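Heads up, the next two complexes both have subunit A, just with different partners, subunit B and then subunit C.
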Partner chain A sequence: MSEAPAVLSVEGYDLSYGRFAALRDIRLAVPRGQVLGLVGESGSGKTSLAYAIMRHLPHSAVEGGGAIRLSGQDLRAMTAQQMRHIRGSRLGMVFQDPSASLNPTLRLGEHVIEVLRRHKRLTRPEARDRTEAMLRRVGLREPAAMMRRYPHEASGGEKQRVVIAAAFAAEPECLLLDEPTTALDVITARQILELFTELQAETGVAALYISHDLALVSRIAQRVAVIHRGRVVENDPAAQVFSNPREEYTRRLVAAVPRPDLRLVRDAPAEAAPVLAVQGMTVRYGRQGLLQRLAGRAAPLPAGAREVSLELRPGEILGVVGESGSGKSTIAKALVGLNGFEGALRHEGRSIAGPAAMDRDYRRAVQIVFQHPDASLNPRQSIGQILSRPLALYGTPDGLSRRDAVAALLEEVQLPADFAQRYPHQLSGGQKQRVAIARAFAARPKVVICDEITSSLDVSIQAQIVQLLLQLRERFGTGYLFITHDLNLVRQIAHRIAVMYRGDLVELADTAALGGPQSHAYTRALLDAVPTPVG
Partner chain B sequence: MPDTLRHLLRTPQGLIGGGIILMALLAAIGGPAIAPFDPEAFHVRARFSGPGATYWLGTDQFGRDILSRILAGARSTLFLAVAATALGTVAGAVLGTLSAFIGGWVDEALMRIVDAVMAIPNLLFTLLIVTVLGASGVNALIALGIAFTPGMARITRSVALAVRQQDFVNAAVARGETGSFIVLREMLPNVVGPIIVEATIRVAFAVMGLATLSFLGLGAQPPSSEWGLMVAEARPYLFRNAWMMLFPGLAIALVAVAFNLFGDGLRDALNPRA
Partner chain C sequence: MSASYLLRRLLTILLTVLIVSMLVFGITQVLPADAAVMLLGENATPEQLVAVRARLGLDLPVWQQYLGWIGHVLRGDFGTSLETGLPVGEVMFTALGRSLLLALLSLLLMLVVAIPLGVVAALRRGRASDLGIGLASYVGVSMPEFVTATLVLITLGNPAFGLLPSTGYVPLTEDFRGGLARLVLPVLTVSVILVAHVVRMVRSEMVDVLGTDYVRAARMKGLSRPRILFRHALRNALLPTITVVALDIGYLLGGIIVVEEIFAFPGIGRALIVAIQQRDLPSIQAGALIMAATYALANLLADLAYAALDKRIRYA
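And now, the complex of A and B:
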């Protein structure tokens, strides 16, 4: 433990919502110049703690004992007026979604100028000059032009840089960062992280960095606190938390973090004819206006994916990676008939011309599981009804009643049979995703397309879902088209990996060969940007 | 559903609105039975009397008891209003959901037609339909139902468009479900919440719309004691006995306000985030 006096300290703090205790006896201290990482799964209370420190709690929150001190002053004793002055000047914050934290009707420069005028009492010209310098410092080219733009005219990374500039502008003593890179794609996230580390070292600000990503936090924080069900269960130097965790919970959390060097799939797919082959698939969005078509002046429609070719052998796991908007999901939707496409699609040698040509056989063989289990299960249908539909369409296994077949499906995904009577809102996120997987497997498919199916889940649940998929593959020999942005995860399980960038398939290689010297420049940039676990 | 009801009765709007509607329903069901007099009976010696001990709300130009007539009229007024709203709601909901599901030029064409119909003022449109169909209570009902359809279609479509984007609809399409299954079984159950709220508020408009038609002589016909008709019949005697017009007018306003409050309460109760 360092002996420097803490800039931010939380001492035995309790918080509850009604009878639910959100935070219990929280003790944290962040000395000057240090970064404390706060890691926890959803519902662990990490965001509640951030709001408690900001003194911005909802009315339903009831505070118990304990103190929250900023440089020795108890923030709980402050009036609302005093807190308004402290927020932004002595206590800065950066939130997850930059487009939500910037006012869409204000130019980007105004966000920083406002902070400087209010908290540094600068005149407008002084503030403008300082803002320009700040924006240059956070790595924005042509800061003067950027200041005149509105938030919708800037990219996510540029917006987050402006938010960081605004947070650092008032030279705060302490910064709170709540998942500042989660909404950004991998490469931008890496750049933002580097920028933050530089600025933090330069200004010596104390920072509390909140995240669900243990691998990422262990890279930038000196100490890591792990929060579980409202309690801090571990508070140790970063390297130690990862390599030698003390608590059982932390050990489980560390074990669940995907490590690319730890392969989960050993067998190679059989050298058989591909079950699904795509040749030069292009998917376009939008439609031609009638008048434009009549005038013969139709402009080509924008393509979500261009000339993509890939094939999937029986039982193979093909990973598809790329940032958001790269066309991964576009391809997935085209394969199950939700998007029209140009180019050739062959299923076991049979040519499928388009969504209309997808017959029952094809639809049975190719199933999809979507990203958000909340959205993919109809909230008005019971789990039993949801699982009965594919059975009604594709047939029930021999000698089983509909009821028994549903129970068998639930058993396959390790859920109790009485879940059939429940409704989706009575299930947790992981359980809902298991139901969605059961629905896909009801058809006994040859290929299941997994469209980011773990990215809305906590890391420990993600590990369980991946385990389940691998078990089902073992049992039924199913091939997966596994779409994800998590390179570490996909390198654990995929046989081959396809890399997509802005609608193009830039590389398709064996997992082991990925990132080698012949690799595409974008692939290497992607691999460099991924935080790999330390230790 | 009992949960929604409990939430509903916890809001003041829901409680007051629900209470008044319940009273109106009792009048509609048992109106003639609890009425102190026969609504059609003439009391020639007591014409144009004000509120008093015998005739609580006074009498009209023939000496008919106004309280009895209001109680008896609740049946036709409420029935017509609810039926007109139901007609417009069902037609609008199916049209709107279908339009959202099919999309493309079908959606475009349907919505432009809806726009065109909505551009005609509502009262003018109902008058037009009644003029074509002829003046009667049932025709007024049909006219109001048709007039409500475009608005309901518009509201349903906007909700259904959001539902259309949900992955459970995508999953159904990918599974190879038929269009009618997706519209009726997957989408409609998820759009009924906002539609019920809107429909409840629209009953208030229907009550007033029907009263307006009856007042103009295009709805219910004498000797019915439909409330709008009662107001219309009282008009020539406004200066001799203002009570004749006041009480049915109040009844219309009260029921309209009650349905509005009930709709507001229902909206809060059905919205889990409130």
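And now, the complex of A and C:
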């Protein structure tokens, strides 16, 4: 490996919070023009490292030995005042969610102008001109108009372009990118990634790219460092980390990354009558104002999903994919009676006219698991109470006592029986999602709607949850409506995949046939945008 | 914000005031007071009373009386006081003007004091200055108005020190310096109460905003501290305060009767109390109606100001 002098180097750095060692003996180096990927699961210390480099640590942080150098200068020796001149000018940062990292009451242009004014000492007209040029460079078509907009008036992709323009504005030597595409749609994320790669090549900036997504990082970084429990366990060329990982942990991580070529479900669903059939379902949002109704000039309400038709056979896994706002969750909510709908819904041949017609039988048969267990589990109830509720409603199986049935449910989702006494906040994210799954299965449903249930989980936990779902399906013959934005994951498990785009179901095809020549243009764009693992 | 929104809001205010007018009129009907007795005194003969009632329309059905009253109100005529014989509208609007002067000066002083204190408390969270400000504002909030007012009176307003005139009111147009001097103590008293309340609001909003991703992003851009504090944090932290200030206006118009009473300040709260004590029905009706309308308008103004400052809010 050629030893170009490192722009950013971390040498034997230690950091702890109280007695908890967050980072131990971290060694990294990023030469000019290179991208180092930093991959780790939540709690691994990757964000702590980013803020240690930015010299923005909470008071509770205690630094041990080691140095953090930017072009040879030790940042740890810098005063707060000196750091304020280094941040944003020589050392930049791009954040995860552009909606949160842009000030909602500041015009978009101002977010770039303020950097140029501060670090390049430009006058306001100069900064304005430079900003306009920058915004054009990051691919915003009408930069002058965009500068006048407020963050809520721009799309996620446009906002992240502004954030990137601000990060590159002062021509930094080094950039830290903290999951810069995680909050974006697949296709937008791909575009942002391409933009970053272009700008990076153009400016020769050294970049530390932090992500939990090994597949994505292995595509843009020359080297990948894997961080686990505060230690860098692997630091190798990207292709090698993926194809030939050295460490046991990395091997497990790589194995957990969903790859569409490794199918996890081999059987085909039985050729039986559909358990759930939807015909021309339209879901509308909002309600007519009183005045409009009185005036009799009610405009049609906006539709979250239009004329959707699909059916689910017993034991089938039907994937539903699409970007945020495409109507995936809208349909899910309509199916469990949280949204009203127009069109026909049939459950085992029985017509269900609307939420009011969803009786106990229907609700028992069709259960839902939501994305955020933190929001869907009542924090003031113990796990036992949470699981007892559906048991009281639908009865315990095989004449078990309520307590035994709760224990049996916990066992089904591979949690210890004594979790019944615990409260949600005492559980990890993956454990909470297991409880949510147990709650759904308490009703012995025929269909479980999984609405992005693994999206907030780490990849290794996601793999375990998916494994659990497949085991439960094996045992109870449950069908899943599996809603996700993760195409690689859904292609591993779904029999058929429905693609939604802006409220329309644009395609419904067998998983193997998806993306073929007959596929819808949007489906193909979606498939192209997804980084599949290298190697 | 659309013109139709503004129109709708104004119509809503009109409706609110209309309902208030009915309530007020209804209440004055059940008050144990007879306007005819009030006018003629206890010794009037039954025949005189009947004659006066007929003259005033008091023998008509209630709804006719209401329509007659509201019709005059809409033409700007609130009637004449049973007690003084003066036109009620003029008296009440004059009192309202004085109250608004007191209210606006108090709000101004409050903002000048409360915002910096709240910011300091938020920036020095958990340290002595934060705890001190927090304690002081608790005391300020918990103290009854008459205590605050009395404290101000016996210190700054103490005739023995001769610092400031303690009571009374002189229009600024007549004697600017004297009028202003007499405003100092009531304004100070009212501000103390408001400051305590708003400091806590500003502090908690500021703490929230300082913890947001966008403030952290601003820090990571290496911006100067004043820029981060004022442009990124404080501006957003102040938005919810606007709503609180609008609610305070309601309090300032009606709720500071004790303060007005102690300083002999002839505001609308005091005028209303006097009217109630004297069973002066036209004055009660006019005062209550004017206060309700002012309060509704103040809230509209606050909503509009909020929308002007936070572009995410769009009233359609």
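One rule holds in what follows: the second predicted complex is superposed on the first by the 533 of 535 C-alpha atoms of A that agree within 3 Å, B and C clash if a C-alpha of one lies under 4 Å from a C-alpha of the other, contacts with A are read in each partner's own complex, and residues count from 1 in each chain.
We take it that a contact is a pair of C-beta atoms (placed from the backbone, for glycine too) under 8 Å apart; a residue touches a chain by one contact, two chains touch by 3 or more.
Everything quoted here is computed from the prediction, not taken from an experiment.
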If subunit A is used to align the two complexes, do subunit B and subunit C fit next to each other or clash?
-> fit
Classify the contacts of A:115 with the two partner chains as first (subunit B alone), second (subunit C alone), both, or neither.
-> second
Looking at the overlay, does A:88 come into contact with subunit B only (first), subunit C only (second), both, or neither?
-> second
Return first, second, both or neither, reflecting whether A:29 touches subunit B, subunit C, both chains, or no partner chain.
-> neither
Check the residue A:406 against both partner chains and state whether it touches subunit B (first), subunit C (second), both, or neither.
-> neither
Classify the contacts of A:105 with the two partner chains as first (subunit B alone), second (subunit C alone), both, or neither.
-> second
Answer with first, second, both or neither: which of subunit B and subunit C does A:336 touch in the superposed model?
-> first
Now for A:393: first (subunit B), second (subunit C), both, or neither, which partner does it touch?
-> first
After superposition on the shared chain, which partner residues are touched by A:439: those of subunit B (first), subunit C (second), both, or neither?
-> first
Could you say whether A:370 touches subunit B, subunit C, both of them, or neither, answering first, second, both or neither?
-> first
How many degrees apart are subunit B and subunit C as seen from subunit A, counting from C-alpha centres and rounding to the nearest 10?
-> 30
Subunit B and subunit C, closest CA-CA distance after overlay, in Å?
-> 6
Okay, in this complex, where on subunit B does subunit A touch?
-> 104-105, 166-168, 170-177, 186, 189-190
For the subunit A and subunit B complex, residues of the former touching the latter = 287, 290, 333, 336-338, 358, 360, 363, 367-368, 370-372, 375-381, 389-390, 393, 439
Residues on subunit A engaged by subunit C in the complex (per definition of touch) | 54, 56, 83-89, 92-93, 95, 97, 100-106, 114-115, 118-119, 150, 152-153, 163, 166, 291
Complex contacts: residues of subunit C adjacent to subunit A | 8, 212-225, 227, 231-232, 235-236, 239, 309-312
